[in-house]
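Each chain carries a letter (A, B, C, D and E) given by its place in the written order, and its residues are counted from 1.
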Amino acid sequence: MIELNTQLVFFLILAIIAIACAVMVIILKKISHRVLSMAFCFFAIAGLYFLLRAEFIGIIQIMVYVGALSILFIFGMMMTDHKSVGFGPERKKIHKVLSFIGVGTLLGFMLYGILGMNLQPSDEQFIGSAEAIGIQVYGHYVIALQAAGILLLAALIGAIVLARKEAE
Amino acid sequence: MVPVELFLALGAILFCIGLYGVLTRRHLVIVLVCIELMLNSVNINLIAFSSIGPFANITGQVFTLFVITLAAAEAAVGLAILIALYRNRESIDAIKQDLLRW
Amino acid sequence: MLSAFDANWSLMTPEIVLLCLALLIFTIDFMTGIKGSKPFLGRLSIISLLITAILVVLTNNVSGNIAQVFIVDKFAMIFKLIILVGVAFVITISMHYLEKNSDVYQGEFYSLLLFATLGAMIMVSSADLITLFVGLELLSISSYCLAGFKKRNKKSTEAAIKYVILGGVASAFILYGMSFLYGLTGTTGILEIGRDLGALYDQYPFIIMMSLLFMLVGFGFKISIVPFHMWAPDVYEGSPTPVTAFLSVVSKLAAFGLVLRMFIIAFGSIFDEWSFLLAIFAALTMIIGNFIALTQKNVKRLMAYSGIAQAGYLVVPLATTLTPDITMSIIAFYGIAYVMMTLGAFAVITLVTESAGKEDISSFNGLYYRSPFMAIAMTVFLVSLAGLPITAGFFGKVYIFIGAVTGGMIWLAVIMIATSIVSFFYYFGIIKQMYMNEPNENDEVLNPPLSLSVMVTVAVTVTLFLGFFPGLVTKYFNSFHWFF
Amino acid sequence: MIQNAWLIPVFPLIAFIILLFFGNALKEKSSYVGITAMALSFILSVIVLVERIGGETYTFTLNWITFGDSTITMGYEVTPLNAMMLIVVTVVSLLVHIFSREYMHEDKRINVFYSYLGLFSFSMLGLILSPNILQLFIFWELVGLCSFLLVGFWYFKPEAAAAAKKAFLTTRIGDVGLLIGLVLLFNATGSFEYGAIFSAVEAGLVNDTMVTIIAICIFLGAVGKSAQFPLHVWLPDAMEGPTPVSALIHAATMVAAGVYLVGVMYPLFLVSSTAMTIVAYTGAITAFFAGTIALVNTDIKRILAYSTVSQLGFMMLALGTGGYVAGLFHLTTHAFFKALLFLGAGSVIFALHHRQDIRKMGGLWGRMKWTSITFLIGALAIAGVPPLAGFWSKEVILAAVWSNGDMFLFILAVITALMTAFYMFRLFFKAFTGEFRGDHEPHGENSKLMTVPLAVLAFLAIVAGFVNTPFGFYLEDFLLQGLNVGYQAHGEMWLVGLSIGIAVVGIGLAYLMYGKKVISSEAIRSKVPAVHKLLLNKYYMDELYQKVFVQPTVAIGKFFWEVDKGVVDGIVNFVGRATRLSGRTFAKRHDGQLQTYGLVTLIGGIAVIAVAFVLRGYFG
Amino acid sequence: MIANILTLLVFLPLAGALLIFTIPNENKNVIRSIATATSLVALLISLIVWANFDRGASGLQFAQLVQWIDIGFLQLNYEIGIDGLSMPLLVLTTVVTALAIFASFSIENRVKEFYIWTMVLLTGMLGVFVALDMFLFFLFFELTLIPMFFIIGIWGGKEKVYASFKFLVYTGLGSAVMFITFIVMFFKGAQASGEATFSMIQLAEVFANPANPEVLTSGVRAALFLALFVAFAVKLPVFPFHTWLPNAHVEAPTAASMILAGVLLKMGGYGLIRIGVGIFPDQATRFALLIAILGVVNIIYGALLALVQTDLKRLVAFSSISHMGIVLVGIASFTASGMQGAIFQLVSHGFISALLFFMVGAIYERTKTRTISELGGLSKSVPVLAGFTLAAAMASVGLPGLSGFVSELLAFIGVFGASAEILPAAKTIGVIAGIGIILTAAYLLWAMQRTTFGPMDEKYSGLPDARPLEYIPMIGLLGFSILIGVYPNILSDVINITVLDILSKIGG
């Protein structure tokens, strides 16, 4: 039996917020509300990171997801006409049902696995510092870092080329 | 301490919600959002393991950093493609993108 | 933890050189205006790739690693060579393609291709989940962009959006699987994971299998095996033809290299648990890929299904009980054959479809009259793809087949041969169009550019040479100790 | 000279080859080539016979094929029997060659005709010279081929084409029996050589059942070739060929080969009494049966054809009842007088512009003197009027049948002999006496080229019998040299009387009905219309075969053809179509919706994993 | 020179093809002459081989062994050689091909390609008959597939595409089965002996070794043999795997039909004897009854179908099926004569069917029809052609003096002399086969009655008769048929020792 303590309470609140916001992302009608609930969801997740004492990542999460990505999506939303969605023929019901069953099965499968894992509960919590992350990133994972840099460059080039509006 | 399984379960649930969104939402921006959701569930896993997993260490957080980078890049590219698509088709409805088939 | 600071960084020379050259090309592109025909960039790219390839060969005696993150071994070397040569071919095809399609940004096109190549090289060389993943994403993101590079074209953008969304989901699956792998081992190093996994499996069988399966879904997507292949035909059809070639050959083989390293090194100790699964996927892939290809009229789409089927053949050795070295010899041989025959075919396809302005199979009508050389070359490629002697494809299949029989998977081998026979229908369908139909009314004699002719010649020569003397290559491969 | 006996068949072969290559240039001159070759053969045959009578003999062999430890040889040998046969064949052939010169001169393809004749003569002579039964079979088939070619000589007539096919096919049935017989024989005795076979059989190396089976199989060959019941149907139809051909092949030589075959294999038959009985009964039934049909037929050549069938049956009867010499003797004499009759008929037909219906003839006696006289001699000979050849040979046959003791056979033989005399003279009276009933006046007697052969044959028909009379059994002594074929019956006086009586009664009856017309044939006919109709339609044998064998076979063939297209190939095509169809079904899942793709991927993945897990037992 | 003569022979046509490749399309006559010359030189070489062949010696001659591919567990050798079994077929191949090339001069479009493919085909066929390494055998076997596909597909008749694909895929499937079997044999052989080899000779020893029963159980061997049988049955073809043949034969151009019927089918029979019986003598005898029954079914079924055909060429195609049944019956008897009969039949049918197809082609070229009911009276319009057609039909019927008779005779002697343990009901089978002979006569003669005989259709008057060039294949093929028919010893002394070798393994 899991002992109810402060951490758990926080966890539960944040988890419920995250799940609720995630669900709202897919069920809300207005597109702007959806993006907003996404931001809240990410925010809740950032809270979880703090709970796990991964503060650096938590901050990054807020900066990148809640900050940058949400704005990006809102830009994306605004640059395309949101009215252009929702007209015309709806997808067959069977699609949704099958998706639900499929995803449900998958979830059951995953939860069955996760909850049946029986991990030894670790008493001590590992607390990573930004310095440790920095040493790792610039040391052991320096190749990945460089590659990520190129990745961003490539994404940049690609995004510019694709999104650029040329004179006809 | 909260057991790591709960974090993992949360990750699994978010992952599946994201997946369901990808599979059923017509608005392609939302589809991209859902992908971000799926990637976030990965991050939850990684952080949870990194913090209170059986072999807790810093690597998980490093991994998360890269995942976030990737997610950002992918979102950017995705949106760029979306915009190009919109210019071509006047629509970002997932259902209408069916020129290529059979 | 091993330090990366005092590692032998010379091991990365080819990658570093390629990166520099790629950036150089990108810079040159900046300095020569936004648009317009820039064939010199193509040539420069090819030269860069060849320089890199030479560097790869020159460093072939060195094997080692950088902090167990980046590994240089025979496996990496061969796959890098395949990738580099493949990309060089793709760029040759692109040069012709871009000449006909001036609306594509050329400098960016080549740069992205080179970045993707770099990603592929990192992928096949990395021994760490993070590096591996970043490499994969570098390749993928470049590919997403490339698929939509003909941005005025509705099909191209549609292909790109499908690719980016499904690809993103696939990445999420891979990452999700990886997260468990990391969580249970506490490390991202493949070698370490491989060391610990056997014991871990006894402890957490279900969760290990789950993470494996999640990764399999993602990797299966990248190498387009059934039932994770659904995106491939659409994306291949919509993308610019050179990109299709890139995706179906380089991208696929690089991903395959990744899969191999993951499954043989990381999951090697639980081989019995996944081999059967892979065998089923392989069987499905061969059957469905070949069956659907029968019904295709669009040549690029047909090649997509053909590529799916070929991926199925490639999975067969992985699913059979062989020593890693033999598995690798088999796959590497087929990989080389695959590069040659598929890219050769794509070169001809590009030439023909760009001339006809449509991608229907009927654009091949009477190719023999219009360009006998291209028709004959295409015949060689198709015959090789169909797996008939005396071509590289034939011997590659024989090799796979013998491996499967030796590994006790006769049923899989039989499916492989049977579906190859089915593939006769569509491969020879194209041959029929070339030889037995009259040319369409408006078709003229084709004048392939020199570069393309040279490339096709090389591909034909290698295809036939490997068919005649496979021993020269296989002997060499057999002397390898593939993995670090 | 006997060592060079191989030249006898080779001359006509050379003629054949010359005509094959230069025939078109030679045209009518072709006949000279053929006649010369045959003349040479004839001369050589006479020499060989003389030397053989003088006791010389010669055998030559050559390895033909080797398999395992067995070697089959080919070659030639001269025995009393084949020395005699050589004469018969070369004489008739030579005369037919000469006769045809005139008979066929209007035909543009006379060169082809002569080349075929050459090939036939070669084959027939080769058959006779064969030292083993396999070689005999080879030539046996070749004469069949020649028969086919010559019956179908006027291929543009549909009847001729059909008749040629029928002749070949029907004999082929017998030939397959023969082939099986000799294969069995080979497997039983290890050789095809006559001597080796007989010594093995006599030594009891082959069990009795096997001997009987072999003998029956071999006899089957003879049945086909000699047109015995029930394979006789081809011979009357074979009359579609030119008349000289009928005389040569379908009267004198080839059809007698069956009899010759039984004669050659006689020691084997003697071992099996069952086989002998079958031979005897087949012969008797055939003789009777064909005789009855000949009673009512109206086509001059077909009457002769049925007569031939009947006479061949007679020979078989003789052989089957132990009359070895009798059968072969009749073979010889029959060859001469039947050739004579056929050539005579040919002469008539030629004169009547190729009309063959005896109801449209009559009164030819005055118009064609030589033909008429020689035909009468032939008729008398076949009717068995002494001292003509037919009398002597028929008399020994009756003796053999009588001594065999089976009354049924004897009665059949007597009735047949009676019928023979009757129908031959029915033919004679109808065609040669009375008023001319045709619409085209005959152009009178034919040239010497045609009448001289008739005369020669008439002479032979008269004298040939003297080689074996109760006053001197020269032939018997000659043929039985070194052979052990049992006791040969000779006629007693009452038998001689009986056979003279039969001839007289038969001829008399015919005279009364068709010469004097005292008895009305119409009246008899109207009394038993069913019988008449039955006979006129040849017992409906053709129709029966058509219904029982030909049509069902074709029907089965058609059925299998449908099965082949529908089922056997249908499955193949179905597999192809099903593959394509399933491909299309799979392809339909690619409906362009990226979310469908995701769903298919998800569901497919789950399904495959589930299946694999179940198969591998992860869930249990 | 003599040592490498087989290699020279096999690859000479390939060289010819390369030479033709360099000639411009327009020089049709040059191309034709090169093709003709190449095929004639090949013929000459094969005759030299024939002349130098030691008839008295058992075992392989002109053998050559070069290591080709060697990678640990996989060793492929270029191992060739001939014995009494392959020698006649080698000559058959060169003869029929050379004559088919003479028959193909009427082809006017895409001459160059045609001869290139023909030359490649020739290499493939020759290779099949000399290969002693199963892998090499398979390579050559497959090498015949593509040229024939092109030849049917480009120069064929109305339904050429269907026919070419059917040929390709159907016989491709056959080869696939063969290939699978070869690999499994290779693998099992390696398991049993520890030595990985594709060599037919070595494998035969491995499989015959009684010390290997654990790996090579009777069941395994039976399965392998049956799989081989199916593989070769497709090519031979054996009912019910025959349906590709009528399509392919009917649509193929004359020369290709000649080669197809004359040589290609023989590869099936050859493979069955060489590999099926050669490596699995025990299994071959075990399934003798099955083989014999299939043989008889082939004979009767083919003949019945031929009987009702309306297309002359298809009739000839079905006659091929019928005749191939004799090969099976001969093999199934497992006697020296039966086996020799089978080989004789392979050779003999090679000449005869090629001739028949040539005749049908020549008639079609003139009358533009192959429908039997539309022909008739050809003896009048084209007497020489009609004569040769008749001769060919007679040869096919099995008339003595022509080669068909010898093979039938030998097969009959074999089947009637077969040991009851190996082939029960041998006599029944023999008698049914005998009925097949009658049926053969029936359909061929009926066909002749309706085509060459009968009244001539006016529209066929004035058709040109045989051209001088056409005499070459006609006389050549008929000549060989007569030669073998009249003096079979010319073949039997070559074949006999090899046949005895094969039979000695059976121990019967």
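As a working rule, a residue touches a chain if its C-beta (ideal position, glycine included) is under 8 Å from a C-beta of that chain, and two chains touch if they have at least 3 such contacts.
Everything numeric here is computed off the predicted structure, so don't read it as measured data.
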Minimum number of chain-to-chain contact steps, subunit A to subunit C: 1
Chain of greatest Cα-centre distance to subunit E: A
Distance-maximising chain from subunit C - centres being C-alpha averages: D
Nearest-to-centre chain - CA centroid comparison: E
Most heavily contacting chain pair (counted by C-beta pairs in contact): A-B
Subunit A and subunit E, separation of their C-alpha mean positions in angstrom: 70
Approximate Å spacing (C-alpha centroids) for the pair subunit C, subunit D: 78
Distance between the centres, which are taken as Cα means, of subunit D and subunit B, whole angstrom: 96
Intercentroid distance (Cα basis), subunit E paired with subunit C, Å: 43
Where subunit E touches two or more other chains at once, by residue number: 169
Touching two or more other chains - residues of subunit D: 587, 590, 592-596, 598-599, 602-603
Touching two or more other chains - residue numbers and ranges from subunit A: 91, 95, 99, 102-103, 106, 109-110, 114, 117, 141, 144, 148, 151, 154-155, 158-159, 162
Chain pairs in mutual contact under the definition given at the outset: A-B, A-C, A-D, B-C, B-D, C-D, C-E, D-E
Touch list for subunit B against partner subunit C, complex: 4, 8, 11, 15, 18-19, 22, 28, 31-32, 35, 38-39, 41-42, 45-46, 48-49, 53-57, 59-60, 62-63, 66-67, 70, 73-74, 77-78, 80-82, 84-85, 87-89, 97, 99-102
Parts of subunit B lying in touch with subunit D, wherever the complex brings them together: 19, 22-24, 94-95, 97-102
In the complex with subunit A, residue positions of subunit C that touch it: 1-5, 12, 19, 26, 66-67, 69-70, 105, 108, 111-112, 115-116, 118-119, 122, 126, 128, 130-131, 134-135, 137-138, 141-142, 144-146, 148-149, 151, 160, 204, 206-207, 210
Subunit B-facing residues of subunit A, complex: 2, 7-8, 11, 15, 18-19, 22-23, 25-26, 31, 34-35, 38, 41-42, 45, 48-49, 51-54, 56-57, 60-61, 64-65, 68-69, 72-73, 75-77, 79-82, 84-91, 95-96, 99-100, 102-104, 106-107, 110-111, 114-115, 117, 119-128, 132-133, 136-137, 141, 144, 148, 151-152, 154-156, 158-160, 162-163, 165
Of all residues in subunit E, those that touch subunit C in their complex: 68-74, 76, 113, 138-139, 142-143, 145-146, 149-150, 153-154, 160-161, 164-165, 168-169, 172-173, 176, 179-180, 183-184, 186-187
